[in-house]
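Look for subunit A in each of the two complexes below; its partner is subunit B in the first and subunit C in the second.
Take a look at the complex of A and B:
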């Protein structure tokens, strides 16, 4: 197995799948400002996808490019976290997921700026600025809604309870993580778990939300063993055009 | 005196000064800070461009506009390269660009993370409406005195 390729697909697929989910809000946001914010977040994530998958395609060396990797792979080829593929459901769950992801992604990308692979360091340095901005917003939205009305608090607590069993998948390490740590491309995700949890504790406390107990985490997304049934539907929507008209250009 | 078929780097920078940002046409792509390097080898011109935000859709328009502008002055041997490191920050905006933004009604970026004053009436009583705006590089603010909304160029 090419561990670097595997590692890059994980970074790119996380950004792509979450970006696609966020873009589903375009035109459906609860307020115009929120609609714009969701679409802009999606745009940043899709931009980051181009960088990660662009490099992944080069490392793969099979004559494919970022678009081929995004549009011509099937669910079992994807390496994203399961949490990112579950449906948006409502605004509360969408923002809670964004927060849980951003809280890991910011220290993760910060660590990757020191990667032994200069391309990885470069992409991380570009992406981390956007991720910090996303974390800023998802944190304040989680607090505003958690510390809002009884109804909004209920939405956020239910979102947290639903997402919790998915939240820690990123810390379930495998041979690729160990290989990347060995050569200094990336630290072990588990080395950031304490920091991640601290961010969660501080924010959830301010939001009057209760962090669920239990360490159980669904696994399989990032190692590509099993995805939820939702990924196939997401890909069908995302991929239908380039698959129906493979050589279309405009 | 100009020598046929010989272009200077300075000349290319001058031409680029005339290419406006497609979304904020009051500032040039040079003042936006996205032109990283220009090199000329006889008639071959290479320009390195850095994206503002990684997903900014204006980047492909900027590339097209640069190609068109340089084609107009006879540059046909042009290579455009993307360079993402070091990443673009608002520090790359020129002072001239910041002044032009303000004149246009967009509050320029501030290290504090918010606009210094309302670009319409100069009031310092301003409030954030949304962290995001009509393009990836802007946020939406409002003046509490003149009550006008305005764009703020996000600081990253």
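Take a look at the complex of A and C:
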């Protein structure tokens, strides 16, 4: 197995799948301002996807490009976290997921700016500024809704309870993680777990939300063993145009 | 209480601008939220380096119906423009 390729697919697929989910809000946001903010986040993530999958395609060396990887792979080829593919459900769950992801992604990308692989370090340096803004925004929304009315607090607590069994998948390490740590491309995700948990505790406390107990985490997304049934539907929507009209161009 | 967020006026200072300019308005729950929304709504195309927001209800404005007494008296006082002064050559371009 090419561990660097595997690592890059995980980076790119996380950004792609979450970006696609966020883009589903376009035109449906609860307020015009939030709608634009959600679309901006989606575009940031798709931009990051181009960089990660572009590099992945080079490393693969099979004559494919970022578009081929995004649009011509099937669900079992994807390496994204399961949490990112579950449906948006409502604004509260969408922003809670964004927060849980951003809280890991910011320190993760910060660490990757010191990567032994200069391309990884460059992509991380560009992405981390966007991720910091995403975290700023998702944190304030989680607090505003958690510390809002009884109804909004209920939405956020249910969102947290639903997402919790998915939240820690990133810490379930495998041979690729160890290989990347070995050569200094990326740290072990588990080395950031303490920091991640601290961010969660501070924000959830301020939001009057209760962190669920238990460390159980669904696995299979990032290692590509099994996805939820939702990924296939997401890809069907995302990929239908380039698959139906392979020669289509702008 | 209204469920609608209050209205805010947004002022942006651009990269080469010396002052903040009014760019539009938006709805937000509080000042911090308004700045975040302004960032997302009004600086998407790299327009700004600084954002000011002020709640619209906090702005005192002159009334359009007082236009006459407020502005008309200044119309025929062209001598208030500095165009009648000779600028010495040593000063150069101003």
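Throughout what follows, the second predicted complex is superposed on the first by the 250 of 250 C-alpha atoms of A that agree within 3 Å, B and C clash if a C-alpha of one lies under 4 Å from a C-alpha of the other, contacts with A are read in each partner's own complex, and residues count from 1 in each chain.
In the analysis below, a residue touches a chain if its C-beta (ideal position, glycine included) is under 8 Å from a C-beta of that chain, and two chains touch if they have at least 3 such contacts.
This structure is a prediction, so every number in the text was calculated from the model and none was measured.
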Partner chain(s) touched by A:152 [first = subunit B, second = subunit C, both, neither]: neither
Partner chain in contact with A:123 - subunit B first, subunit C second, else both or neither: first
Partner chain in contact with A:50 - subunit B first, subunit C second, else both or neither: first
Which of subunit B and subunit C A:137 touches, first, second, both or neither: both
First (subunit B), second (subunit C), both or neither touched by A:191: neither
Residues of subunit A touched, compared between subunit B and subunit C (which is higher): B
First (subunit B), second (subunit C), both or neither touched by A:88: neither
Touched partner set for A:40, first subunit B, second subunit C, both or neither: both
First, second, both or neither for A:2, with subunit B first and subunit C second: neither
Common ground on subunit A, meaning residues reached by subunit C in one complex and by subunit B in the other: 33-34, 36-37, 40, 133, 136-137
List of subunit A residues in touch with subunit C within their complex: 31-34, 36-37, 40, 133, 136-137, 140, 144
Residue ranges of subunit B in contact with subunit A within the complex: 51, 53-57, 84-87, 89, 129-134, 136, 140, 154, 156
Of subunit C, residues touching subunit A in the complex: 5, 26-29, 32-33, 36-37, 39-41, 44
Contacting residues of subunit A [partner subunit B, same complex]: 33-34, 36-37, 40-41, 43-48, 50-51, 121-123, 125-127, 129-130, 133, 136-137
